[in-house]
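Okay, got some structures for you below.
Paired with subunit B in one complex and with subunit C in the other, subunit A is shared by the two complexes that follow.
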Partner chain A sequence: METIQPNDVLAKAESLRNNLSTGFRDEIVKSLYSEAEKIAKRAVKTSSDKKYDFDQKVDRLVTSPIFGLPIMLILLGIVIWLTVSGANVASEAIANLLFALGDIGRNFFNQIGAPWWLTGFLWDGVYLGLAWVISVMLPPMAIFFPAFTFLEDLGYLPRVAFNLDWMFKKSGAHGKQSLTMAMGFGCNAAGVVATRIIDSPRERLIAILTNNFVPCNGRFPTLIMLATVFVASAFPAAITSFIAAGTVVAVVLIGVVFTFLMSWLLSKTVLKGEASAFTLELPPYRKPNFGRILYTSIIDRTIFVLWRAMQTAAPAGAIIWLLANIPYGDVNLARAIADWLNPFGLLLGLDGVILLAYIIAIPANEIVVPTMMMMYMGAGMMIDGPSSNAAIFDLLVNGNGWTLLTAVNLMLFALLHNPCATTIMTIYKETKSWKWATVSVVITLGTAFLVTFLTASIARLLGWA
Partner chain B sequence: MSNTKVVLPTEHCETCPAFTQLEQMGIKVGDFDRVIALAGNPNTGKSTLFNALTGLKQHTGNWPGKTVTRAEGGFEFNKLRYKLVDLPGTYSLLSASQDEEVARDFILFGQPNCTIVVTDATALERNLNLVMQVMEITEHVVVAVNLMDEARRKGLEVDARSLSRDLGIPAIPITARTGEGIHTLLGAVAEVIEGKTETKPLRVEGTPEFQNAVNELVPMIKQLAPGIPNARWLAIRLLDGDARVQKAITDGELNEIVSRQYQQDVQFSKKMSVEGRQ
Partner chain C sequence: MNTTFWVFTIIIGLVAIFIPRVGLLALYKNYRAGQAREQVEDALKHLLDREQQGRHASPESLGGTLDLPRAKTTRLIEDMETQGLVESRGNEIHLTAKGERWALHVVRAHRLWERYLADEARMPLKQIHDEAHKREHSLTEAQLNELDAALGHPTRDPHGDPIPTREGKLNRAEGMPITAWQPDRPARIVHLEDEPALAYQQILAAGLRLGQDIRIIEKTPNRYVLSDGENEYRLAPAVASNIHVAALPESEMLKREAVPLFELSHDQRGEIVTLDEAVQGFTRRRFLDLGLTPGTMIYPELKNFFGDPRAYRVRGTLIALRKDQAAQIWVKPI
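Up next is the complex of A and B:
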């Protein structure tokens, strides 16, 4: 028997297709739909429409052109306020406990006569790094994740997509990008994976490259801490939590604005094209399953993210301790590098220590604040970690010359700077291209430098800082 | 989850331990006797059913497109080990986006012993399109009419028998969240695999000239890739000018893909058991 070549099959299909009357596809699709309709009609009987009506009424409200966006903002505000006000107390308690444990460990090592470098490396390096990460990250995550998962289980996320669709379309992006953006609040790497729901490769790339502009859960604690310590402390105690939450919401909104801006810019330049149409289903509201919410948010999300942060915090703590204890000229190595970075840092309204902290924290953004704190303390200011907001304020402002500009610019930098290593790897895996992974870093880092440079320059020009 | 089981009078048999036995095996897939694929529109509760069967805690969420990769787990039913593959939710299998392609490739080339199409009882008409597309690819299909509790709340009555008769495949009403109907579903799946239930999937034939074109193409595909199942479906896709299928034919991927799919599955299972999550 003669062998058949792949091209023969394709050619045959081609010629057969050309001989078919043009409407054959529509014919098949039409009969598929009419068949489905007939079968469904025979199988389903309706007796009332009560529940359906209720869902529709709620949907009319939460997706209405007037109330849709404000309701969304209020919900976001509530979630962040719960996180800020709850995390504040818990963070301080956990920090006190863990630092006290650290003292016990250090004293024990001193008593048994362990060498100073071992005690320092283990307790002032590795342990302190871990203690900081847990106290800064655990409380906000343990509150934010359940709240977020609750909204997700309820079925609110597709309504968000519905509300934001037109804005994404105007930016030349896909409406479903709002869903992947929402996932980015949990974790940017997860948000990047979620972009698989977008059919068009062009719009998917836009969604991938801009996902990092919403702060992930690893970065929320940084924002919350800065908002609480710097912005809110200028207000009466009774309203600090509201001011802090409002500040974080504002930062999040800036991130969303940058998402639109960058999407628009990309779709007008390297990723040109029209936004494609899509159907978005609004699923029925479902009674959230509280057991599952707790499981998902605590085990799958909180513990997972915290564990990842701890894995990078321990070596980071060790590195910081080493840098702070290796002499370099008159000072130590950490000081020397920070001094070297300082002029550039000041140009951005930050300082050298912050930039060094960001370099050390590339594997996981969430450890930036702990890293920074440890380096400030490593300069010989304090032995114990500051656990209260007032102590942190004192360390940063009086000890290290921070101003409101430093805090604001650090928040902006935390929002806009490059994705963490995990996210970069995920972008590479999803796009199968180092080019796009690199582009994602260049875009975000470039934006962060530019924006902080501008705010710093303007603030200095106007004499505010 | 399955531990809060709703026991209806008609379901005494399923809850009787002597009758059937379901044991959740989580990610310990290892050796298995049968492979089941879970397909369905987005947001119909595939992941919930997956969790109920495997005892895993695959994240479920109330938004379309939540599962974008395949998840795998295992369970034992009537002393046979099943591997269950949770596919991304899709409205069609025409492969517009990556999640649709993941679903389609597995049903087509992964050759599961049976595919369960999970449907939403409250939106059956829209869901049936996918059911019919899956039936085009394979005869081993069972429809799970999920979210029966929601349908009842909305005052909808679903006649599974009429559905089953019209489609030519078993249709089983279930509520994955409470575990209602799950044993019946597994029983139906087993019978389809064992050939005790003969399925006669309803297929849209199209015009006679279209039928002739399909019939001319099928033998050529079978000759090109001996042993390929679903030659009819591939022929239809070729006539439709499906670029993905055309590529599979020119690359010779058609022949390789079966073995490659198997290797991927092994790798994926290993990864799952190391990470325990996705």
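Up next is the complex of A and C:
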């Protein structure tokens, strides 16, 4: 008797394959679907079309030519306003608590007779860096991420991608990039990770490289400080938070314009190629599951991002303290470097202190404002700055030669400058390439320098500054 | 102390140069071997190409294609002869059986890479040739078989050229005698065998021609009845076996009565007929995963305020597609 060997089966399959029609894979999927349909028909009962009709009405509204865009902007404004105004109070409470703990630690070190430099390094450097990042970063994230996850869970976010896809297509990118940008408000590193939802490699790279043009939570404080001191001071105090949020929204929109421009440029140059297949599911609207929202947003997103930021904040705090406390001639090292950077800073409509603050803040953008205040006020550690807006205004304008141009350009620089260290690392991990991580830094920093240089030059030419 | 330092440095330097496999010398040799191999493979491809066109390759044509000076070309040919890959006959260079096998391997690698780059990496068609050319030299036979299987054993590259099989067969006139074809399945005539001449004459006299789409409507031991939809053709089986046919690109047939999905007006229903033949690999799988299978009901439900993309209701879910994608899905309006 002849036995059939495994190889015979393989050989048979090999010879039969040639007879298959080209569409046999389609046929297989088709039969799978028709089987699934049969089962669904037996098992699923649909009682009414009410839900379907409701969904359709909502869809018509949120994607309508008249209301679609305004609804999107209003929701964005609400989320940012919630984040900005809610975080303000919480940030202060957390800061007070953490700084009080710091005082206790410092006193304890003084009592046991630790040398001043050890106390300073540990408590005014490392600890303060950590305390600052936590108090500035945690509250906005703890508000923004749940709000974002809420919209995500509701099913609204895919509609945003649907609304905006046309513009992304024009710039050679993918509509889902809008979702990764929305994530970027929370944290650019999280936004970079979120680009995994884009399945075409080329368009995913575009989304990764341009994500930084969306200002993250960590950069909000700079924008808010400038907005409240320079813009909102002209308005009644009651609406300050609206003005601050409005200014942030305006800056965000500038960032969106730059995102489109850069995406377009990239797909015309280094990432040349055709727009690839775009498919996007628009799921039915669902009642959000609050337990899950809290879990995903707090545990998966907030804590995750915060932990990474803390790892970089501690060494940054240490470096800041060292710079502020190592003497260099008559001044400290920080002041010396800032003076050296000053001509370059002025060229960009900024100043040396701002540039130095941004160099130090590469690990974590949250500490830009306290570092600037430290240097402007000649303190030996990061500080909060004057308590009233008028006093800050006085310190910056009368004390340190700021103009309106400085404020505007700092906003632009905060929006466009290089990604923070965490984001750069994340880009490396996601692309597995130092080349793309470097490109992300070069294009953002290049844009920031170019734009601030141009605005400064134009303003000076026209005699505005 | 100074002597010790220098002795040490020299020893380390020598080790760095001469250590096997990772030393500088080994790396350089490796690099040169790779270069030489690429040159041989490009030469083999040229020879195979010439043979398929029915022309003979000469040292001149080879030197021209590879951009090599005369002396180097001669040395290359000599090298290949000692390896038993080619034979020179006068001014003609011929592939040996071994040389042809290797050449087919490289062609297979090139075309499979093209398929991969187009379908899975979704690289624009303009770029895939150069990229595939860079990669075609690096795969072993076994790796190539794996790539072939992973891609689902494609038969043609994205330009429509046949991909050699793992046995090293290049199906030029792919297709089979119509006598081996199953009745009722539409077929396209891809080749008319001109030997024996008598049969060939009969076929032409009956009015059958290359590229015609036909179908077997009757098959008995005595005769074949073929139809192209308008005329019927009666042939003896012996004559019919000279007609070689292949499957129509299926979508071709189906597309005739269909329109691309984006042409459906608002709330007009359609039934998916086929996905365009040009959509392969990743994108096709994605379409199928979303349930865009032939026979499915679909209609546009939502329009972006710029008109593109539109969202289509299919199997109860809403799926947004850009116009470019909707153009690749053919539907029958109902």
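Definition applied: the second predicted complex is superposed on the first by the 321 of 465 C-alpha atoms of A that agree within 3 Å, B and C clash if a C-alpha of one lies under 4 Å from a C-alpha of the other, contacts with A are read in each partner's own complex, and residues count from 1 in each chain.
The working rule: a residue touches a chain if its C-beta (ideal position, glycine included) is under 8 Å from a C-beta of that chain, and two chains touch if they have at least 3 such contacts.
Keep in mind it's a predicted model, so treat the numbers as computed, not measured.
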item	value
Partner chain in contact with A:Leu179 - subunit B first, subunit C second, else both or neither	first
Partner chain in contact with A:Arg25 - subunit B first, subunit C second, else both or neither	both
Partner chain in contact with A:Tyr33 - subunit B first, subunit C second, else both or neither	both
Which of subunit B and subunit C A:Thr296 touches, first, second, both or neither	first
Subunit B versus subunit C as contact partner of A:Thr210, first or second or both or neither	neither
Contacts of A:Asn7 with subunit B and subunit C, given as first, second, both or neither	first
If touched residues of subunit A are counted for subunit B and for subunit C, the larger one	B
Which superposed partner A:Thr444 touches (first subunit B, second subunit C, both, neither)	neither
Contacts of A:Val193 with subunit B and subunit C, given as first, second, both or neither	first
Touched partner set for A:Ser64, first subunit B, second subunit C, both or neither	second
Touching both subunit C and subunit B, counted on subunit A across the two superposed complexes	17, 21, 25, 33, 37, 158, 161, 199, 280-281, 283-284
Partner subunit A, residues of subunit C touching it in the complex	121-124, 127, 152-153, 185, 247, 249-251, 274-275, 277, 282-284, 286-291, 293-296, 301-309, 311, 315, 317-322, 324-325
Residue numbers on subunit A that touch subunit B, as the complex places them	1, 4, 6-10, 12-13, 16-17, 19-21, 24-25, 27-28, 31-33, 35-52, 149, 152-155, 157-158, 161, 176, 179, 193-194, 196-199, 280-281, 283-286, 289, 291-292, 295-296, 299-300, 304
Complex contact set, residues of subunit B against subunit A	1, 42-43, 57, 59-65, 68-69, 88, 96-99, 121-122, 124-126, 128-129, 132-133, 150, 153-160, 162-163, 166-167, 177, 202, 204, 206-207, 209-210, 213, 216-217, 220-221, 223-224, 235, 238-241, 246, 249-250, 252, 277
Subunit C-touching residues of subunit A, taken from the complex the two chains share	17, 21-23, 25-26, 29-30, 33-34, 37, 56, 59-60, 63-65, 68-69, 158, 161-163, 165-166, 169, 175, 199-202, 272-284
